[in-house]
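Only one structure is covered here, and it is reproduced in the block below.
Residue numbering begins at 1 within each chain, and the chains themselves are lettered A, B, C and D in the order written.
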């Protein structure tokens, strides 16, 4: 893709499809170490994003991400809702009114998203949350800054996958899984998994 | 046995032991077509009869049966409590102040018991209740009136067993099992079973 | 069986101890025989309204003891009718010149034990009447069988007769009111799971993952038929049709709708079912003037619900709205 | 999964419809976003007390909307915190010059969503404060973790702040009261069985026939440890010790004891547990001045109980005794 508002909207549509496809997996992951609603929450949120975009697609990437953000905030609920909402909102704000994004913009947006999640959720890397998928994704994008949007996002997706997988061995210190203490180890964090899925779907859309 | 007040008390004690032994069986039978309390109710009642008799044994068979009756009425509860209570009470009344019982007295007492159960519970033979064990028991005693107390009670016990078994094929028309309608067929009636156990324990005590 | 109990044989006695401590302002508990008595009983000049039955249906009946409702409740062992001496103790603790009304659910055991108690009270010269409630349309009514069971309607009967007694109605009046109510209240229930009686230790019956017991009683006695699980819309329609067709309840009728949880059904589902029932009644032109929603006649942890309809008139509405102050039901005070 | 529902995604909305029909005298339900509002709101001059959280804990919070308690409740999807716009809608429907207090249970999702809503309200020039309740001693408290959860204490907090708002306390006063209460209320729970979330379709966790989950949360989150089932005496002692040791509660203290059912536990067992808790407290020289027993903070059909203790003083007793008229809690009116 190039990276116009329409492309971002397209990427969000494919993200919605991916979340829908993985809804049961995310429910199951959250059932194991949380309360089982992550898949349903994300699906409700992205389904709403779809219909928002069906009504009208704003004319800058930032504006598209902003309507996605407010939709997620008002539809997802739970911990993931405000966290993803903030991530998209900060990314949108970071992009300002640019109308075509390059790899550097992707880096800016992704870092802003990560900072937003951490500002709200206070989680550090290693706490077994979505932060563990986001941190390596941002690092990968920043390292690969020379490439195309498609290339940096592909690198980010690989890193996010890796980061998500790393949560399996961790003991949760934030979110609902933290109540499990030691018993949270041995399970993939649902939010890290959904982050990896989202980054991957953006990378696929950018191809 | 002869058949003095002490003998009747002894018979009641062995009846209590038999009920205790069969408590779980009666619970299970009642669970299948009722509410699962028959074994517990009977056990509670006969345990109380035991301690009543430990305090003092009245001096006529009728008086012994009467304290058993009032104890059962105040301890068993459910349908079986008033029914067995009435049975013992009517038997006691029928025996008046006789001090030694013969086979004819046994017949009189047993018929009075049956009439009491029917007066209270309004069940006919074939309704799948304790009446189905009692009716043949009374008939057997009356037919064998010439024999000893031990002999007539043995005949009664066989007939009661047979009568209880006959309830398996019946559809209940009285008591809680009647709510099952056709589904009550194929199960032994718990009250008929406990009646058969009681008559058998009296017969054994009379040997 | 996992339960929060000690000795299965002592469950009722221990639970009553907790009830007494929790609600000392409303009631006291007499032991051996166990009776729950209104704290301010006896009430001179007022008819005593007494009910009772096997335990395991809480808050029925102990949770309804207090001003405006029951004067005493007689709890039997779990699912086992209480004995006549316990009923007599309740009568002694509450009944004066004005007499007493015994509210008896139609089960062989309850009827026989309360009947015996009433006879004994009569022999003592007390004016004690009993009324048998048999509102469960799941069971075909016939004089050759045990007849219909008393279920959800019992709560309404206890509330309304309690209110009548509280305002000073005579025993004749309270008894006539009770008979009128019995004539115009009907219920139907369904179970999704079975209860487990403490002294039994295993569930009273077994339902497959996709089966429900339609027409269930409140002792885990089986119902009319075992049917496949279905949507709330379909199920509520099925329950309601059974109830409305029985009396029948017809277009233009004004009713009280009581949506009851059998104990284990979450409130989320209960209100959902209630909403459907209200909608269906509106469609049929039956006006819901009063409603009650909650776990009031339960069967231990059984999941399921029952629907009860009662025809209303101005007198019944006035009695329903009258103040009541009990552990489980309170308003107007 | 057997449940009395239609579409799993519509459970909350459909249930709220039933709630609205059942309690039109107390509350109204706004749709999309879903908010339960006191029928007579807004109340000029009075601080609005608002709470909310995931559904599945009924009667929390909607069952506590009414005079003397909550002005609005914001129900999220099952076990999912509501979104900021829903909280904002509750604020708009209830809040005037006197401002509002948001009561937030300490879960990451609830805190984040309510925080966002409070920021938005502040931006609109409204005086909206929030207080986070975290009374569950099962979870070790630490700033490096999500911290302790809000459980049974929430009901007490809602009742007491609701009473303070009703008598006309200022927002400063209601907020200070709330913080004081949070400082002196502690809870601990246990589960015997798991709840099943409608959209998940299977139980949240699996316990063997002889296992219980000690220190359970109210979302089927696991607890402190899985232990063998034990007698009610032992279990209640274990729960109570965890609670009393935490604050600590000591000889001479006067407390409110709240014995809560998680939903599926029969009332028979609940009062039994309550009786034991009262006895144990008496043994420890802690005086129970007020009590609450019932299913007030539930986790769908989960079997289990929690014990909550709150230190009392004359002010809190007065506020506790003040009239309250809601679907689930009423007295004095």
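A few points about this structure:
Definition applied: a contact is a pair of C-beta atoms (placed from the backbone, for glycine too) under 8 Å apart; a residue touches a chain by one contact, two chains touch by 3 or more.
These figures come from a predicted structure and were not determined experimentally.
The chains that touch subunit B as well as subunit D are C.
Taking the CA centroid of subunit C as reference, the farthest chain centroid is that of A.
For the pair subunit C and subunit D, the distance between mean C-alpha positions equals 29 Å. Averaged C-alpha coordinates give centres for subunit A and subunit B that are 75 Å from one another. Centroids built from CA atoms put subunit D at 32 Å from subunit A. Averaged C-alpha coordinates put the centre of subunit A at 54 Å from the centre of subunit C. The set of subunit C residues touching two or more other chains comprises 78. For subunit A, residues touching at least two other chains: there are none.
Taken as a graph of touching chains, this assembly is arranged as a line, each chain contacting the next along an open chain of partners.
Every pair of chains that touch is listed here: A-D, B-C, C-D.
Contact residues of subunit C toward subunit D in the complex are 2-6, 11-12, 14-22, 55-56, 58-59, 63, 78, 192-193, 195, 207, 209-210, 212, 229, 231-233, 235-236, 259, 263-276, 278, 288, 291, 293, 295, 298, 300-301, 303, 305, 330-331, 333. Residues 9, 33, 54, 76-86, 107-109, 112-113, 115-116, 138-140, 144-146, 149, 197, 199-200, 202, 204, 217, 219-223 of subunit D are the ones touching subunit A in the complex. On the subunit B side of its complex with subunit C, the touching residues are 27, 31, 34-37, 40-41, 44, 73-83, 85, 120-121, 173-176, 178-180, 183.
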